[in-house]
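Below, chain A partners chain B and then partners chain C, in two separate complexes.
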Partner chain A sequence: MHNRLRILRAERNWSQADLAQKLEVSRQSVNAIETGKYDPSLPLAFKLARLFDTTIEAIFTDQP
Partner chain B sequence: MTCNPFLRNTSPAMRRYNAGVALTMGGYLLAVFGTATFVHRHHPHGITVYLLSAMPAFCIFAMLAVVVTYLRDEKDEYVRMLMVRSLLAAAFVVLAIGAYNDFLRSFGDLAPLPPFSQWVVFWIVFAIAQAIQYRNDATPRSTENA
Partner chain C sequence: MLCCQPNNPADRKFIRRGQIITSVCLIAYLVCAQIIRDKPVTPTRIVFAALAGAFFFALLVNSGTLVLRRFDEFQRILLTRSFVWATVITMGFATVWGMAELFSHDTIPQVSLIWLPIILVCITAAAKVFIFRQHKSPAE
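After this line comes the complex of A and B, so read on.
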């Protein structure tokens, strides 16, 4: 699974810690999702989409 | 034996877990040394032995309850997954050692493992697994804004 999390985060000038705080998860989790080590659950993916005011598909893709 | 060897996660569930582990571990040590001293001095038998043995065992059950409660309450799904992986690694090693030892005892007339060794091995492997996973996840603070 590929994602645009780092780009979306950079556009808003948020650090991983900022995003982690908004999502109520650890920075470690944000880093794991960002680097593709971990695919989030649907509830967390929806939370991310809402936070970035976009759709899940706009953040996550199955192709690079 | 703490869930997070580097104490980076400070979720309410993790804080309760760390407090619970400290409490049950302290209780366990007290119960073990207390009951061992009592047994050594008074040589009890019958129902007293059953009751005394239940005291440290209860602390172990409580420790397992703390782990289960943490897994139920932790909202950070990734951190929870890391802990589940570590628990599975620990269970795998303990079961593998136990099975191998059982065969050795059956075929080689070997002595059984010392009492409580499985419990100790379980938490050592758990701690190592946690440390490895957290180390693999380590990201320098300087790159977090990249």
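After this line comes the complex of A and C, so read on.
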């Protein structure tokens, strides 16, 4: 699974810690998702989509 | 308790509960080991011995609840991984040692079952440190 989280975060000038705080998760989780080590659950993916005001498909893709 | 950073109230509550359980368990164990050990078998002695065991069970249940209730799903997965590895290693050790004991005609020292939860807790703590270090996020 690939994602655009790092790009979306950079566009808003948010640090990993900022995003983690908004999502109410640890920075470790944000880092793991960004680096592709961990695929988030659907509720967290929806939360991310809402936060970035976009769709889940716009953040996560199964192709690079 | 054995595998969490006290960074939120829920974790702190579990750690406090774990400390109380561990203390009661330790007291029950000391009573069993030192005060009633050489006395004849009585219901009181059996109750104290069972109490020590029951509190170890409570300690494990408390740790399991901590994992299940943890809000951060990635950390929950890491904690679950620690528990799984610790269970596999402990059960593996118990099986191998037990079989060796069974066929060694007392040449291998007998390990009491009471050590299994202690070994499980220690290996879980070690696995947690190892697994969390593997997934440590670099500084931004």
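Everything that follows uses one rule, which is that the second predicted complex is superposed on the first by the 64 of 64 C-alpha atoms of A that agree within 3 Å, B and C clash if a C-alpha of one lies under 4 Å from a C-alpha of the other, contacts with A are read in each partner's own complex, and residues count from 1 in each chain.
In this section, a residue touches a chain if its C-beta (ideal position, glycine included) is under 8 Å from a C-beta of that chain, and two chains touch if they have at least 3 such contacts.
In this text, all values refer to a predicted model and were calculated from it rather than measured experimentally.
*Asks:* Applying the touch criterion given at the start, work out whether A:Gln21 contacts chain B, chain C, both or neither, answering first, second, both or neither.
*Replies:* neither
*Asks:* After lining up the shared chain so the two structures overlap, which partner does A:Leu44 touch, if you call chain B first and chain C second: first, second, both or neither?
*Replies:* After superposing on A, A:Leu44 lies in contact with both chain B and chain C.
*Asks:* Let me test your reading of the model: by the given contact rule, A:Asn31 touches which partner, first (chain B), second (chain C), both or neither?
*Replies:* both
*Asks:* Report for A:Arg6: first if it touches chain B alone, second if chain C alone, otherwise both or neither.
*Replies:* After superposing on A, A:Arg6 lies in contact with chain B but is clear of chain C.
*Asks:* Across the two complexes, what residues of chain A are contacted by chain B and by chain C?
*Replies:* In the superposed arrangement, which is not itself an observed complex, chain A uses residues 15-17, 24-29, 31-33, 37-38, 40-41, 44 for both chain B and chain C.
*Asks:* If we count contacts the way the header does, which residues on chain A are in touch with chain C in the complex?
*Replies:* Going through chain A, the ones touching chain C are 15-17, 24-33, 37-38, 40-41, 44.
*Asks:* Which part of chain A faces chain B closely enough to touch in the complex?
*Replies:* Where chain A meets chain B, its residues are 6, 15-17, 24-29, 31-33, 37-38, 40-41, 44.
*Asks:* Touching residues of chain B toward chain A in the complex: what are they?
*Replies:* 8-9, 11, 75-79, 81, 134, 137, 139, 144-146
*Asks:* Note which residues of chain C are touching chain A in the complex, please.
*Replies:* 71-75, 77, 135-138, 140
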